[in-house]
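If you scroll down you'll find the structure; I have some questions about it.
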Amino acid sequence: MDEISYDIPHHNWGYKEWEKDFQAMKSIGIDTVVMIRCGLRRFMTYDSEVLRNGVKAFTPPVDLVAMYLELAEKYGMSFYFGTYDHGLQWNASTWEDFTELNCQMIKEAWQRYGSSKAFKGWYLSVEIGREHPYVVKGFNRMGKLCKDLSGGLPVLISPYIEGSLASSGGLSFDTHTKEWDSLLSRLQGAVDILAFQDGLCSYDELTQFLVINNELAAQYNMQSWTNCESFDRDMPIRFLPIKWEKMYHKLRAAEAAGMQKAITFEFSHFMSPNSMYASAHGLFDRYKEYMQL
Amino acid sequence: MDEISYDIPHHNWGYKEWEKDFQAMKSIGIDTVVMIRCGLRRFMTYDSEVLRNGVKAFTPPVDLVAMYLELAEKYGMSFYFGTYDHGLQWNASTWEDFTELNCQMIKEAWQRYGSSKAFKGWYLSVEIGREHPYVVKGFNRMGKLCKDLSGGLPVLISPYIEGSLASSGGLSFDTHTKEWDSLLSRLQGAVDILAFQDGLCSYDELTQFLVINNELAAQYNMQSWTNCESFDRDMPIRFLPIKWEKMYHKLRAAEAAGMQKAITFEFSHFMSPNSMYASAHGLFDRYKEYMQL
Amino acid sequence: MDEISYDIPHHNWGYKEWEKDFQAMKSIGIDTVVMIRCGLRRFMTYDSEVLRNGVKAFTPPVDLVAMYLELAEKYGMSFYFGTYDHGLQWNASTWEDFTELNCQMIKEAWQRYGSSKAFKGWYLSVEIGREHPYVVKGFNRMGKLCKDLSGGLPVLISPYIEGSLASSGGLSFDTHTKEWDSLLSRLQGAVDILAFQDGLCSYDELTQFLVINNELAAQYNMQSWTNCESFDRDMPIRFLPIKWEKMYHKLRAAEAAGMQKAITFEFSHFMSPNSMYASAHGLFDRYKEYMQL
């Protein structure tokens, strides 16, 4: 759920519209919802004193976290809480401050929402594609805190596969394997679930990357999910729902690789019968046909 | 009403759809509609002989001005008539021609539509953020003509606050104050209403800018409105409806500053239950909740 | 029908939605549907062995050609089959391979679909605006093959008028005439219908260009249609439906020039009551009013 968004315009939904969308998710078998971040720059999903003091965040008109937890509980879904994002680069001079602020916020959030039955995990919201020492340090500290506080609730990260469609030109299978082997070895005990985004590699590469990711995850006792992007990266309007055929090829690659679970970025705009983008309604219908729902 | 648009795609509405939208406006308390311009480059809202001869404008398939006046009268709203826009730079060599063409068109428009009960004011359609000698000269001449012809109907301008989000990097409060003090002193007698656009300053700066604008307006016996932009400037799709929370912070800043009235650019695309953009329907609902309508 | 698209996001329609759209087309007098291409890069409209082997194309989840032919037959419409597009430049070193692959695919497609009653013509999918020796060579070979195989079914091309809005700055009427005279002289026997796109010239130029095109077409025994673009080229969102007034001016120019037929790029996204873009619904209504349907 991308309600504090970098680049996806808002639906301006209220409680009623969100409830309808949780019903739509439920109807196609979605059992887990991930709040992409609890705040971005100065916008927040709940009225966090930590973020108000720390980054002069604006007091929001509603408490989205409370709403999501209530709906997740009502519909029997697991809610993952996403950490705060400054919207700035993680580097040698920023990473400790970013991590420290997040750690304070994590404690506040757990205190406020930890008693909810639907609170089932954490999501560390920074996205990387390859070796990144400062993000790894942050993930390590934040992930361990999340688990300590919450009696070991799982911690999810969602890196991207830096494939041939990435602006860098992409990593070879070997380099990807080597770098993520090293990264995951340093994230053991702090991260439980790896859900790579599938949008920056070609359809051909995808299965192979997913197989590698599965093997690495198994080696470090992590779960291996796919994050199947449901927006179209190939069109001049950035972004509208993906063409079904593309999602179909990606889902089949995930099946072939034997992924443990699939999530998507993101349902409400790009795949929902309630989306402001009507082609999302079509994507929902095509997915249902494919899944024989 | 942005029916001859620079950058907002058209709804392709006919009379029936426009009437429905006037009803929606009425339902949330909108009592004033402003036609953003009567023509842009070679497109016109009514079949103006002046513009046909002056800029080889295309004869339009319908008379939008007549339609807007009829609907405004039917729903008890005030209609402001926007002047013509060449779509070119105002400078030393163009301003007199631009102004002269507009003055002829203003006479024509008043002769044709001035008897309508809903014709309640004029809008000078050029947008500036700071000192601009040629636009001021044009405003002065046009504004006075509008008032002379129409028995003193009010003249509205809608400059932008050149805040920190402007491409220039923005003006300090002091510079803004100094330049607008000078500008308004030269616009006395030609302009009655100042409605600054609120999109190019940060949420923090906004209240302070609005307070300054109120003081300046009072000093020159003008009314001070806010033009609360309802499109989102922060997204890669340029432009879809604004996130409600952003509008909420801007409206609260306007309340805090004690603005006399709020208008928006613009209702039909970005805030209407009839908009082609479904997130506008959400914005309409959220606004109604906020206003307890 | 732009179902394998360069730049128009997909509706994600299934059979039911497409049938509804054929009904909408029928209701406003559309009697001909053109499939813009049977494949682009590695995506295909039907499971072509030629393209699977030739460019490692992906096996599509449905057979769009079969669906279009079935619907065209059901609603009494003529279907034109568009050729394959590599998405690459036609030049001295590529044109023969591009043409050869297309020729193999054309044979395959005719064998598979030629018995359909609705299969009424071919469309050569490359777009040019002026002299282009390699495309002409390809058109010649492909067009003749199409006609030979199919007992002379008509072959359509849809070049663009390289007018003053083209990135090149446009051709003069004289240059356009000279180059197309030469091009058409070399395309006799391979091409039957010329349907120039009308989006890259100004409204003033359009009638004159269309008159020239009619004369050239007559000279070479070709039909002369207009391809009236229904998307708006002037807006920052690329692309949403065109403003009705613009289409109105272009259709009137086509009437004035005496075109034999009008097609549009394209109905389903930009002009249909079923489009994901709500302003297309308005365009459909305005067109119906204009045509008194």
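Should a chain be cited, it is by its letter among A, B and C, assigned in written order, with residues numbered from 1 in that chain.
Criterion: a contact is a pair of C-beta atoms (placed from the backbone, for glycine too) under 8 Å apart; a residue touches a chain by one contact, two chains touch by 3 or more.
In this text the structure is predicted, and so the values were computed from the model without any measurement.
Taken chain by chain, the contacts link every pair, so each chain touches all the others. Superposition angle, chain B onto chain C, using Cα atoms only: 120 degrees, a multiple of 5 between 0 and 180.
At the interface between chain A and chain B, two copies of one sequence, fewer than half of the residue numbers in use are shared by both copies.
If you average the CA atoms of chain A and of chain B, the two centres end up 41 Å from each other. Among all residues of chain A, those that touch two or more other chains are 237, 277. By the touch criterion stated above, chain B contacts chain A in their complex at residues 203-204, 232, 235-237, 240-245, 248-249, 277-283, 285-286, 289-290. On the chain A side of its complex with chain B, the touching residues are 5, 7-14, 17, 42-43, 56, 58, 60-61, 237-239, 275-277.
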